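Quick one: the structure is below, and I'll ask about it shortly.
Every chain is named by a letter (A, B, C and D) in the order it is written, and numbering of its residues begins at 1.
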């Protein structure tokens, strides 16, 4: 199992300097893996990222949220086509990076919708995700759809919705991506969704209820980690946090990051890495119980 | 202490029939009080509401969220003026109803902002809230500002922000309105914000983490009710729930109500009334501990 | 599923008057079932109990804890024989009452041991429980072994120990009896033991962490009830509480009941009945999530 | 604030070798302080302990539980006298060690009582504790009474009982010692007892619900640490764990340690040290919330 960190913990600017900075900081904090935000895969500096990963001995994954112009859950065919092209390019970027996972809000725009999703829109999304996942599978990349809260998408807000969604995707082998921050808002509790997705679960985000330091909010992490252990999960476990201390033009305002929940990324990251690893150490002792 | 129910549990249509229906259902479920959504106080049918309250022996409060055209936290003077006029009218409506509380997202628009609040906008909001609260105080109405999550306002997301905000409002006597649904996202836990606001706390919303049945999500209600008891809170305690089963044109889409979390309002309301009252029964026994 | 109440909520004296009082109070509080403490089945007034159950329309179960003189987990053959005779008589009492469950600390003494259990003692206990369970099965009674905390037995402190124990009982069809009060001390959490026993689970005690009002302690009831729902449990769910307000000569001092956690049994029982039923009402709504 | 470890994590044998082993292991795991079990202060090897502390740069505290022959809460004057002599000697031992705290079940025997405490017994206990605390104060040692669960004493089971108890002790300056393991059984929750004792709180034990690895049971540690922060607690915070992997003849059987909850003390201790320190790191970030 690889313990990772989302790149926006370190910087909101993903030019060459930002990429190098984020990769080195991720390694310094003790993580095995960095999740790159590849909101715009067409401009992502793959060569720099590849070199930084090699230098630091880290694995990489990639995530993104679509926007209105690339919303594959819309009924606008040009947006759907643009979204598919973007996802295809994201798969290529990951393949070039040697990454094994593409995840995030890749099935709709990442935004506060003002209308429910439509059946046609959802069908469009499933069709595209199926093709992208099949294409990704051929280059060794697993595609996972992130279950998110009601304010960031209107398509997948619960694990059971995701299970149904991926069940209707014909091709490929689409996984479910759960995020404790969103689960705390939308799910019954922190163990049911893990049991409900079980072998479909392929990616995990670890975020606190307010997206700050782990252990300073209302997320019931212990139940979540115990459930992961119960189903034998061994995919990536990636820390995610956002504060107004680090601003991403693409993400921060969409995610409502209005206040400072930390100022020292180094301490935050090292704390999160220890927090997650210590949970697994503790869980290994449950065999004695 | 009065136990109440938000009117949107029963109907999304607040014409005369809707008002009568909501008041009667609130009484039938066992509550003492109805919180009217008075998004548009200029058109609210006060006479019908007054008659229904008298018929059913219920108390009333009122809440609302401003919109962009009435956003008193903006830097647009016409919006600020329009917002103040709307709040003034809401105070009048409540006075005519015999209500004692005006609350909600009355200090900004209720919407997903795309920029942080500005200092001038916040100052505008504080000035208006001060005048409205002073005016309300003269007719026996307490004005409370609702702390809400990052996706529904950019001004007040934590109890401590609200404490600071009301501390800067010169006139009036503005209270803090906490809502467990929002607290679950933004606060450290469910008891700290109650202790941090203490005698400023004047209004309480009881909502589950996904806005469905109480006790089926992640909100730590026990800590919250114990904290209320510790500070001697005796203001309104009002149940709030939203499902796509009841659609309000003004609210449902703004709040991201995409799915059905219940279908039977009668059972939901009776359950919530019992849930809240039984918590207080249990808490009364803590004196023995 | 039947919701029940342990008889010691009402009285510590199980003569004819005590039996009638307990049965009537159990019905008045709204329960479906009474669990009789039958510490001494040889003197239990079956006729009175039967008449009271008929009068009130209640079902009955029976529980007990052995003592040193009847400890079937000892290496003293006379104690083991005496324990088996007592359990046989308890089966007869239940058969005469029309009860369907015998449970409790029936596999060892209920006391603070000063030495660990011995392999021979555990084998003795398994042999007796097997014979008693087989005998009970023939008269329609299910025998369940209660997992208890370290201070009340040294044989079964966790659900997994109970699973192993009943797996080694040759005859009969022995079930596992979980109690939330004990689980809160000994288990990892409130859902794992339910999943770990699953179809073996045949009896449930609902007690708070300090044995007072439900919802005033540290037991995570929501996780427990959700786990029951997940495995499709439909056996008895029985409220248990102890306070120095009601003293049983056989039990109170062994259980360390030193202080008053309630004084009004009527309110306590009605509250517990509503608490349990309302949990199941809420859980039924989880299908919507 | 000093983070410490109870000596029985490392060995159950407190001869010179045991003392040296425990002190070195405590240092190796990263702690600042060792709590010595000084069940028999008359035979405790002070010189060896002092040398080991100096070698390792650790602080020390001492704790004990009385037994029937030294039970100062009894009505037997010879036991009360013997208990006072033992406590006086424990104070001397700590003074010789340079320790600053004497704590534990020093106000009664540590055992499963079979009768409630008597008023005369409690008065005896208060009188002795007052004299011992005054004597200790003169040599710079704080005496704290540990609130314990119903199975380990019948005198102090809740923080409020302890507050009342120390309020009646005339001389000295007696503090309250809370232990999360016991709190999980007896208290309403993990924050109320901290607020209820506040400036009386002088010593803290951190133990999991089953006394195994921190974070693998039901104790709500986050609420506890947040409450410590709220009251500005800065006394010792000492990890305590018991498993059948380490057997103390004086304690293990009295405490009902029947099973193995860990086998590797080194990993357990290092994990606990990190667990506690990381909680405080996280809590320091709450100022941002």
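Simple rule for what comes next: contacts are C-beta pairs under 8 Å (C-beta built on N, C-alpha and C of every residue); 3 or more make two chains touch, one makes a residue touch a chain.
Not measured: the values here are computed from a predicted model.
Undergrad: Looking at chain pairs A-C and A-B, which one is connected by more C-beta pairs in contact?
TA: By the number of C-beta pairs in contact, the winner is A-B.
Undergrad: Just give me the whole-number Å value for how far the CA centre of chain A lies from that of chain B.
TA: 34
Undergrad: I'd like the Å distance between the centres of chain A and chain C, where a centre is the mean of that chain's Cα atoms.
TA: Centre separation, chain A to chain C: 46 Å.
Undergrad: By the touch rule stated above, which residues of chain D touch at least two different other chains?
TA: Each of 158, 187-189, 210, 216, 222, 259, 286, 289 in chain D touches at least two other chains.
Undergrad: Among line, ring, star, complete and other, which one matches the pattern of chain touches?
TA: complete
Undergrad: State the interface residues of chain B toward chain D in the complex, per the touch definition above.
TA: The contact residues of chain B facing chain D are 158, 160, 187-189, 191-192, 195, 222-223, 226, 230, 286, 289.
Undergrad: Over in the complex, which chain B residues touch chain C? Could you list them?
TA: These residues of chain B touch chain C: 210, 212-216, 222, 259-263, 267-268, 271, 274-275, 278-279, 281-283, 285-286, 288-289.
Undergrad: Along chain D, where are the residues that touch chain C in the complex?
TA: Of all residues in chain D, those touching chain C are 112-117, 149-151, 154, 157-158, 161, 183-190, 209-210, 216-220, 244, 253-259.
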